[in-house]
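Dumping the structure here so I can ask a few things about it.
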Amino acid sequence: MGLVKKEEYAFDTMPGVDVVLTKIDYVVNWARSNSLWPLTFGTSCCAIEMLMATGGPRHDLARFGAEVTRPSPRQADLLILAGTIVKRMAPRLRTLYDQMAEPRYVIATGACTISGGPFLYHSYSTIRGADEIIPVDVYVPGCPPRPESLLHGLLTLQKLIKEGQTIRKPGVRHKPVISEIPEGVSREDITAEMVELLEHDSVVNIEETLGNLERPTGI
Amino acid sequence: MTTEELFQVITELEPSAKQSEKTSDRPTVEVPPEALVALMQKLRDDPRLSFNMLLAHTAVDWLEERLFEMVYQLYSPQNQQYLAVLVYVPRNNPVVPTISSIWRIAEFQEREVYDLLGVLYDEHPDLRRLFLEDDWTGFPLRKSYQDDFILERPK
Amino acid sequence: MSVNITTLDERTRVTSEADSALDTEEYFVNMGPQHPATHGVLRMVLKLDGETIKEVIPVLGYIHRSIEKICEHSTYRQIVHLTDRMDYLSSIMNNWAVSLTVEKAANIELTERIEYIRTIVAELERIHSHQVAWGVMGMDLGAFTPFLYGFRDRELVTDILEETIGARLTMNYIQPGGVMFDIHPNFVKKVKEYIAYFRPKLDEYEDLMSGNPIIQQRLRDVGTMDGETALSYGATGPVLRASRVPYDLRKIEPYGVYGKADFNVAIGTAGDCWDRYYVRIEEMRQSIRIIEQLIDNIPEGKFMVKKPAVKIKVPEGRYYGHVETARGVLGVFIVSQGKDIPYRMYFRTPNFHNLWCTTAIAPGGRIGDLVAITASLDLVIPDIDR
Amino acid sequence: MNILDLLSIPILNISSSGWETITIAQRAADALSGNSIELTIFFLILCILITVSMLAGLGMVLIYAERKIAGHFQCRLGPMRVGWHGTLQAFADVLKLLLKEDLVPARADKLLHLGAPFLSILATVLGLAIIPMSPSIQVIDVNIGVVYVTAITGLGVLGALIAGWSSNNKWSLLGAMRAGAQLISYELSATLGILVIVLFAGSLQLSEIIQSQAEGWWIWRAHIVGIIAFFIFLIASTAELNRTPFDLPEGESELTGGFHTEYSGLRFAFFFLSEFVNMFVASALVVTLFFGGWMPFHIGNWEAFNSIMDLIPPAIWFAGKSAFFIFLLMWFRWTFPRMRIDQLMRLEWKILLPIGFANIFLASLVILTKFHF
């Protein structure tokens, strides 16, 4: 939380500041988690189930305050990746993500977005997982996932935001990677390192981010 | 119109077109590339045939025979008759005349074939990549296409 | 001989400069790949003069997943599940196209029951596809409510299909040699209930959208396309039929049990957006009629004549088969060398062919007209790109 | 002066204190001439408080109402989880928007891009200031109130135009041009609608327009002319608000977001808020001009009924009537599709404007022949 980090030194000598800042943090996270406006963006099949059917009368994304789909990435908080990402789309997806204003969150839905899905083998154009391009907070598996799964994904994201655990840096993955653990390293070590990484990455200095990134203009 | 009558009319219109010996579930004629445009024009405009619809156009890469097989699927709503037209071009110099002046959709079907198989179309009004980026190298649907990106399915 | 290969950059270079201060200047603007009106990742480069469209250049490939390449390495049963993901709103009909072609080629005899189930399920899906098309048409024209009404009724169709099939969108139901599962015991009852429910709802659809004067203004005489043009552009399905060409594979060469059902082919008169919109509404009515005639007569028998484990081999040759999906004719072209995988597989997809109509009918209209036209063509982008 | 004195000021007294309008600015001036500096400051602060709290409060209430009403129109529930039945949803939205990153596109005109939303919200605040919400709740009562309102609406267009132009985005520019063309065109019809009432009331001052309706609202008293003027004004003000079926400047499915495509965070919130509060201003104007403002509903000489109606405070009357028109605008939005730009212009210049002029002529005849009630 940029707010907290910036003001830390000014206040931490005063008694009771921790409590106040925690409260502020809580309120800010509460607002952010309850007002996730998704971007109107869907690449293929999952878009029907994710944005359309979930926004529809039966599943009603509006109950969680997330039905205000914004067609402009500048105003959106949540990028619901629905469908395969191919090589030609990848740079555009990156641009879309860059155009979104902080704080921004990404939910990857469907097998294609998570790993390439049915188009994994023998395909010359399918990207194997959208998290190779942009950071992803929550993965919702399925082909396509049911609307209920997206609702669960949304609630999980809300929980993550409230705990301040969302991913802000590309390349960091929530995805469990099953591979051989090198000798001399225990599973606990990895977990500890990941927790540290997550804690570190959930703190973003907005001033710094603004200064470092030159944002592309136009659609 | 029976299939025999159809072939009779076609050979009458274009002598170089002959019935194909390839196994196919539709009546099929083979034609040399030079005669393609003339034959197609006649197939569409002849009142006995009136093949108004170009249903599909694609190509098959025959690596061993070193040939590209161009397939045109036609349909005549008037006679409810299907016809497939085959054109063979050598794989090292795949140039076919365009038929986009006869059916507008051929322009885009031909662009797809160029994009994926690298067949060139003579006199095509706007020959450029369709699905892939302009700077893509190679033609992925060719049997000889090599790409490090492709993952083989484990057996 | 003149083979001239161009690029998109060359194609979209501004050529004309304004001569005087009063002259207008043409400019290019990108619509998509992320744009609410393109229903996915279609990109259209528009050449505009003010708000008037001079030229439309569709740019494809933002969801090109190389399905045809994957097909060359997959068995026919594996290919069926890839077709689900092309035109996901008529996935069952896509399955059917592959199954039909393979069955014809491999000479697989089907039971009556299979044909009945296939026909009913496909018509149910046609209804749900047109419901989505209807709702999305409303959303593109700026009325959000029809969209939700369409999805309200679509949920009930997916419920019925889900009970039998187990999936909501990508059904993977029709297989070469039958259907994956027998119908659920509740199927017949629920379909009848649904028809009783949906018939009055269709009138509600008409009240909400068809009668609205703004809808009429936005759709009538917009994007008019005569039959000649439609045929030349290879349009099929509701788009072609709206232009007064009664080309419907269900009537012309009945597959399934369409030959036994009594139904009419809806055609338009003017070929404008309104006709394309209304042909879909009428097709929903006809689909209801078809289902009503068939639902009581499903004969007993096997639902699968080839076990799923059996690898189907297609004899050597070229095979072309097609079905009428909700958006037009899906053609499947198989070149086989006698193995259980095809040598070359080509899909003649309806949306790929319908899309190019925009280049003919959109110029001269406004941006709002283009939105109405793309909505009336009812494009599904992964089906274009494959 | 102690706090009890403040409480006795009529503004906090909810019961109707006669129909004589005393604006808060007037009270401040009175206090100043009575040498009571505290009271002057109090009233001046009250002026700011009323406009700003109206802006924020109304904005949130209307955003919540819109989402809830839209939900129920569309067979669903709308916000449910944040607070009881989602009542805190708007707070979460606004708080989030305030804390969101504020982006300026790389090649945008920075100064204008940053300034445009303020221009937009300024027009809204200025519009709020003149609305007579009850005899005692009106910030300022200009004697050319109607002209002021028309001028202020023009200022709002400037915000949209500058926002679209400075964003350096073709879609934004298109949206801005649409906004400019549409708002300037429909301004004419709106003014023609207002003029009819000005002719009847014989005043440009909003409080006097309300006073003139003591014997009956203009929608009844000016019968045919009034009803035509009402419809013209309603259509024109819907167009000026950029609401469906005239939401072309933002037209999501056409222009992705129109003039505010490139805005994020706080500045987008300003556009968002001003759009919603403008809806209230427009409804309030409809109520003021045609439905007697804060006047209670009276029927002829039903004395008993009328006296019961008088018991309801004028502020409640005003709020109720405005709420009805806001609901109507929302109803429009969730029912109608969008028009096309040329149809929109045709509607204005070929249909509404000629009818408006004919209506003014007719109104003059009605007034000359005293053919109204």
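Worth pointing out:
A, B, C and D are the chain letters, set down in written order, and residue numbers restart from 1 in every chain.
Rule of thumb we're sticking to: a residue touches a chain if its C-beta (ideal position, glycine included) is under 8 Å from a C-beta of that chain, and two chains touch if they have at least 3 such contacts.
Because the structure is a prediction, the values reported are computed rather than measured.
The greater number of contacting C-beta pairs, out of the two interfaces A-B and A-C, is seen for A-C.
Here the spacing of chain A and chain B, counted between their Cα centres, is 47 Å.
Inter-chain spacing, taken between the CA centroids of chain B and chain D, is 64 Å.
Centroids built from CA atoms put chain C at 33 Å from chain A.
Chain C and chain D, compared by their mean Cα positions, are separated by 46 Å. For chain A, the set of residues that touch two or more other chains comprises 40, 56-57, 71, 88, 121-125, 219. Residue positions of chain D touching 2 or more other chains, listed in rising order: 74-76, 170-171, 252-253, 256. Multi-chain contact residues of chain B, defined as those touching 2 or more other chains: 131-133, 140, 153. By the contact rule set out at the top, the touching chain pairs are A-B, A-C, A-D, B-C, C-D.
Those residues of chain D lying in contact with chain A across their complex are 67, 71, 74-82, 86, 88-89, 91-93, 95-97, 99-103, 105-108, 168-171, 252-253, 256-257, 260-265, 268.
Within the complex, the chain C residues that touch chain D are 27, 29, 35-37, 51, 138-145, 148-149, 152, 208-209, 212, 214-215, 217-218, 366-369, 371.
Taken together, the chain A residues at the contact with chain D in this complex read 3, 27-28, 30-32, 34-35, 40, 56-57, 60, 62-65, 67-68, 70-72, 74-75, 77, 99, 101-103, 206, 209-210, 214-219. Within the complex formed with chain C, the chain D residues making contact are 70, 73-76, 170-171, 174, 244-245, 247-248, 251-256, 334-343.
By the touch criterion stated above, chain A contacts chain C in their complex at residues 39-45, 47-49, 52-53, 55-58, 71, 73, 83-84, 86, 88-89, 92, 96, 118-119, 121-126, 143-144, 146, 219.
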